[in-house]
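Structures follow.
Next come two complexes built around chain A: one with chain B, the other with chain C.
Let's look at the complex of A and B:
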């Protein structure tokens, strides 16, 4: 530790002032000389063969520069794991909202007008909207090379499941379903792209993985990744939905063809129709327990709705299949999962990455089990909780695990014991827990980890170069804190270089709750390297043994108290090295393992845990639900910035509340989205979200930067089942499919009353 | 999105002439909170858009001997905050405050809310309950109709293509009356009604017999309408919880809801019953201070 001690301080976001004063430049703010605007013709049909596209009338609109169709795209398809997508539809459209043509014009209005004049002749095909029906023999196929519409599958077996069920005291079997929900970030997806006369493409866009995205974009455009440079402006949120989004590549396709800057910004309804919403998953979950409530065996069957194309959903289904098994110490597990194509928007990553879906199922069922065998729902969780030092059935090793402490803190601060089961008929309290990863080795075969550079310039300013993107969550602030701490340097003098793929090193980007753990570790190592280099150079110049030098508050301090400013050191070094800055390099590789063919292997270097308690009030006349209190406790190893960490949890809980109670993308029978706007797709306002109490359990993860683990995704996961469980505590009805609407509650209450009346009659 | 000509007449007469000379081609713009969204979504492609913001004659709330007049261009925020409304028509002020967001209420107008004719419009049920009348002006002069006859279907009103709604007139309710508007929506604020119920009742002094009753249902039919059978059950009876239950049940039966993304028809009927009963409890017990019989 140095004198600065900036770790653990409540430091406002490094970019807060830029943002609140409206000066921060987002992608949609960018305007370039000679810039053209694109507007997309989207399919009205959910499944059809394209017979003919007539662009003649649209071309005649004054101001239209070009109209691109599938014929302008490479014949090879692109994707992240499964290559099934094309920038513009070729031969077939597979969901209503799919990109069919791109009009480029001198302004947006002209482009939109021309879009309306394109005539497409389609031959309609049978549509499949339900994944279970899509798997049946004879169902209409979306992709001819995927029989039964199965895009991906998971099969896992550990221990002796059948024997464990045989020896179980009780076995529970339930079905659960999660809904299709949208990330609903404030800034819709957009991009500006340009191409120079040598065919080098530059994209300015809010992308969660700006460096990594070049691989998929290169494939989509039929060029090599070196031809693509991505510059990330400020970003208005992503929550998983802006992992290599398709739109910037489509924008680049036009810029590449026309050699002019082109801008496309999606409307909110386009965002809903063709974004990458959460993968809805249906579960059949069978769990066997001992008399004491110890979980002996778990068998799960999952069907995930992939939508029309595979973005990250295969990795999401894999995550959904087995990450939850790290929450409790379960020795016997069998899991089967299918990811199935349907004629709907391609689904993909949304905060939690499949883990949230499965937690809703398991954390609901654990509650049902606790009530049935008469154990406090908090206690059954503590009894089964993963302990530090444990290696689970999938080979995951938990160096630190503060789940028990999270449960204890969350229940104590919410008055759990006094409230549980006391407000029947109206008020209720419920708990949900979670485990997650801090980066995931399984996502990328090549490597996991991160790299960074930290440099000292001639003015004594420290600049951090990392390709791990700040998408609004605060990575820049965390990186600046880490660099400042390591160098004993004032926070205000640390700058974070904006992500520009031509100057930062390779980085997978922001997903899998990676930024602080792997990105922060890399910045720490780079800062350590710079510190060493500064001391080496200063020792050499001052002719003092470097062990007698200290680096603190922008100064080198000698043992006898002489000070030498970093600005001067930076300047001198630069002059001595013909312009070269003192630069520290660092990288971090977690001690995780790429899973083997049976998915065995420790996928992450550190596992964060959490517990949320929700309190609700249910109106039994209307079924209305009000969440009246939320308590969130997370084991994040060490809190680098409590202000930012609390914000993550508050935001996660609000988003999870929306998922639990309000949000749902609904399709009609023709596969058209019925609610592609915020009027009909409702996210919670501040009036729907109660005050919350957030706190942390610090387990000091040895592999984390200053002991830190991940938080971004865990923040949303436990609250959704906690709310479902609180509703059960309040009125004794259990809703197993999201969202939990007043209508479902009222129906269940009436059925329950009817059942009771029937029983009394008998 | 198609371009249109924008018209901003300086006086009512000019606006009416423009309407007459361009019959059916003009979309009238009040606050724009509904129109602009629908235009951007491509639901309207008018040749001409005529704003009524150019003249102030249609704005403001005035009180007469027996009635209150609200100009069609009066904003929802003005209705919500008006002292006259708060004093004489409190349930209208509360209903106005349930519309959209602060920003929307600052722009949206009462005339716009009515002419947009959404089945869920929050000011419509309560105005009908208060017995409001609509003043409609055309080239040939003005006509006045009961607001309950103003709505013809979703987005459809009694206005002819060359007419404008200029004013809403609401009789000042007698002292022995009370009103209530209850709304249920999916979230607490910034949402349109899943169900809205307005109730207005008069009682005989001292004996508390129900002399008149209006129950108006919103968002459960093609337009807001009166549950006349439920009203009939109340009439000439003494207020009592059993009576209210019966009336509420009848109102539920009279509702003509549809299934949509907000709720099913079944749920809407259930909520009509609940809100009708609550609104009756509210007007008699809370507002008139009458103790109910069983």
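Let's look at the complex of A and C:
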């Protein structure tokens, strides 16, 4: 493999061999000498005051070392943006599954046995499960300082929506609802934590934002962030659900108290009950269009179901309030949104981050509009598509925007024109599009971007230090490619340093589809810096003008073919500087703005786009839906690694298919989750997902590394509405609330038949 | 506790186990073979797959005592030193690995499939392996990986 021109190549991940051999160590695989095991007592009630916790019998179980309760936690609450949570319940429990006590014992079985012997006396409180009901005056209150259970709200207005409606050719009003679904990463959340005699804590856990998580964890533990070191092992998926998850901090609480290593691994049912599922959003959408189908006005009213604690849900609501508006050029917008507490699992970030929910709504409705006006659904999207050079009403600037090209490529390669409307009541084809961000500055005014270091050691090896975590998506490989390309260094020899918060610099984390755009850019700049330093030093050492020198392979070379090994240069530098290594530093700050008090401002440096086409077959006797084909086309600026990029889209489409058709977390009236297992919570299997075709449009975003934009989240967004639209094309029924089940199809078909019969009677 | 004998990756072990301990727990915690993973604990996800007499088994559903006297292959036993099994090679080359948590189970199930059906159709691959869940890849490249491995095993490239 030559060192140069490695950008754009189909390269297998550098850690694939570790994984196929089973050598890769995940958090739940770690074992330390003297390690203790934790097991959690969880509330079986959805809303109750804790009157008394009796741990006497549990304490007497041989092998139990300690039992922690809310009394062991700081009085101040913690959280990401809203501080409403405690590691163990204090005073109240607010959802069934909430952590009430932690037993630490010599092994897991002993811990579990003791958990069963803890007696908690509760005083039950009224439960609210529906966010709209929870908002009503007099509804049972979860958090005393949040009136009407409203955790967060958004109001924004652009242009003149009412005038635009008045001048609209037609106005459409629909209500959409998305479901509570779980990330269902294969590796459940687990952690090992330890604390030394000075109270310095180390956590080993699969966390998407290991460096950033220290802030929330410090607050949760009542220590300063410098006391916490996080080391990230291999991670079995995250999809947003492992952004500063609670469990590692709870583990650290025990380790800190006991000054011994403690391991806790959640079971799959615990993961479902007490994880951070997607924020269900009810979206009332009113859209006014011109005769040609151009969107003139958009008015939206959102209610987000916060569950019992906020975590990242307030940012999800913010995102849901305006990100979908970037898909089309819409001049007049009014949006009102509320995030409401309910006695269910604390909802939070899941791939798409609120943008997926609102795309389901808009991309379903624009299809309905197309059918009503009599325009091809692909054409109405092309007509309204955001164009490069556009600045939208929120102040977002699209330096590159390949939406039209994505739609064109997706429809051409799927045979759209031939198949649309030709399914004879059985088959259908549908399209969905999306826009997203590449990192964004909507969370913290002071911060957007990434930093990295690249080091040349005394044996001529390049090592990259970045705190942006690889959560299974392949960031390590991308960073290695970038470093290899910049330095002309053999790709297979580049090392990626483990994400250890003691060694890497600050990193905001892997979410918001940031890793390649900001992380990759930072690695590129750090590599550029190292290159300069290496050539400067080599030039001095060899007494050659540095402009005559270049890097290729593991050598420094001159134009006339003289060469010196990088190992030799690295060794000499190290000796000349008594051990210092040649190190390049770099950071990338995107051209992004923190939204002002009207939520106006260009939040991201680059916006990726995508279009998915889905084909379905519907069995009108049983209502069953089979997805027979999926085509995905994404504008990601520049494809650094097509093999990995395809994998992202193929995986995203499968997840979006599950969201559309198969998955739903179902609660009973007591607020207990009825299906906390893969038995009754169906994620797509190999039998459910068809082969898919994925391709890319390259718009060469100038601000991105080699022109790249984000892909991680766009990968999942368009397919869900595309499937809904394909079902409409097949059987003429429109399901506006997820999941689209056979029961809903049959009911809708029956109603449609009934309506038709009534019309024929008349 | 009961004394059992397991032959794991060609090595014989004598182990004291509790009657209720699963094979998965014993492999991971007593033998340190952490390649087999617990994804769900109820036999739905296949992350705990090991091969017993070359048949894929959900080791989270098998009691260790049930495995007494059996020959077990875990992912750690598939490669011969530095020499990877063609399924492992194909998975790497085809991009069939993302987070890697489902991978040991997938690879073993694929190996067993190809031993039984050297020229599987795509439908056969998907049906045989439908008990192995993956949340990252969408399965497309896994299926390609299995097909590529089949070709390697038949002597192709």
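Rule of thumb we're sticking to: the second predicted complex is superposed on the first by the 758 of 762 C-alpha atoms of A that agree within 3 Å, B and C clash if a C-alpha of one lies under 4 Å from a C-alpha of the other, contacts with A are read in each partner's own complex, and residues count from 1 in each chain.
Just so we're on the same page, a residue touches a chain if its C-beta (ideal position, glycine included) is under 8 Å from a C-beta of that chain, and two chains touch if they have at least 3 such contacts.
From a predicted model like this one, the values you see are computed outputs, not experimental measurements.
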Partner chain(s) touched by A:712 [first = chain B, second = chain C, both, neither]: neither
Contacts of A:674 with chain B and chain C, given as first, second, both or neither: first
First, second, both or neither for A:662, with chain B first and chain C second: first
Which superposed partner A:624 touches (first chain B, second chain C, both, neither): first
Dominant contact partner of chain A by residue count, chain C or chain B: C
First (chain B), second (chain C), both or neither touched by A:743: first
First, second, both or neither for A:687, with chain B first and chain C second: both
Partner chain in contact with A:595 - chain B first, chain C second, else both or neither: neither
Touching partner for A:186 - first (chain B), second (chain C), both, neither: second
Common ground on chain A, meaning residues reached by chain C in one complex and by chain B in the other: 267, 677, 679, 684-685, 687
Partner chain A, residues of chain C touching it in the complex: 28-29, 32-42, 44-45, 47, 74-76, 78-79, 84, 88, 91-93, 95, 97-104, 107, 122, 125-127, 129-143
In the complex with chain A, residue positions of chain B that touch it: 1-3, 37, 40-41, 184, 186-192, 260-264, 266-267, 270-271, 274, 278
Footprint of chain C on chain A - complex, ascending: 10, 12-13, 15-26, 28-29, 31, 183-188, 234-237, 239, 265, 267-268, 471-474, 643-644, 646-647, 649-655, 677-679, 683-687, 689, 691-692
Touch list for chain A against partner chain B, complex: 109, 112-113, 267, 269, 621-624, 662, 666, 674-675, 677, 679-680, 682, 684-685, 687-688, 741-743, 746-747
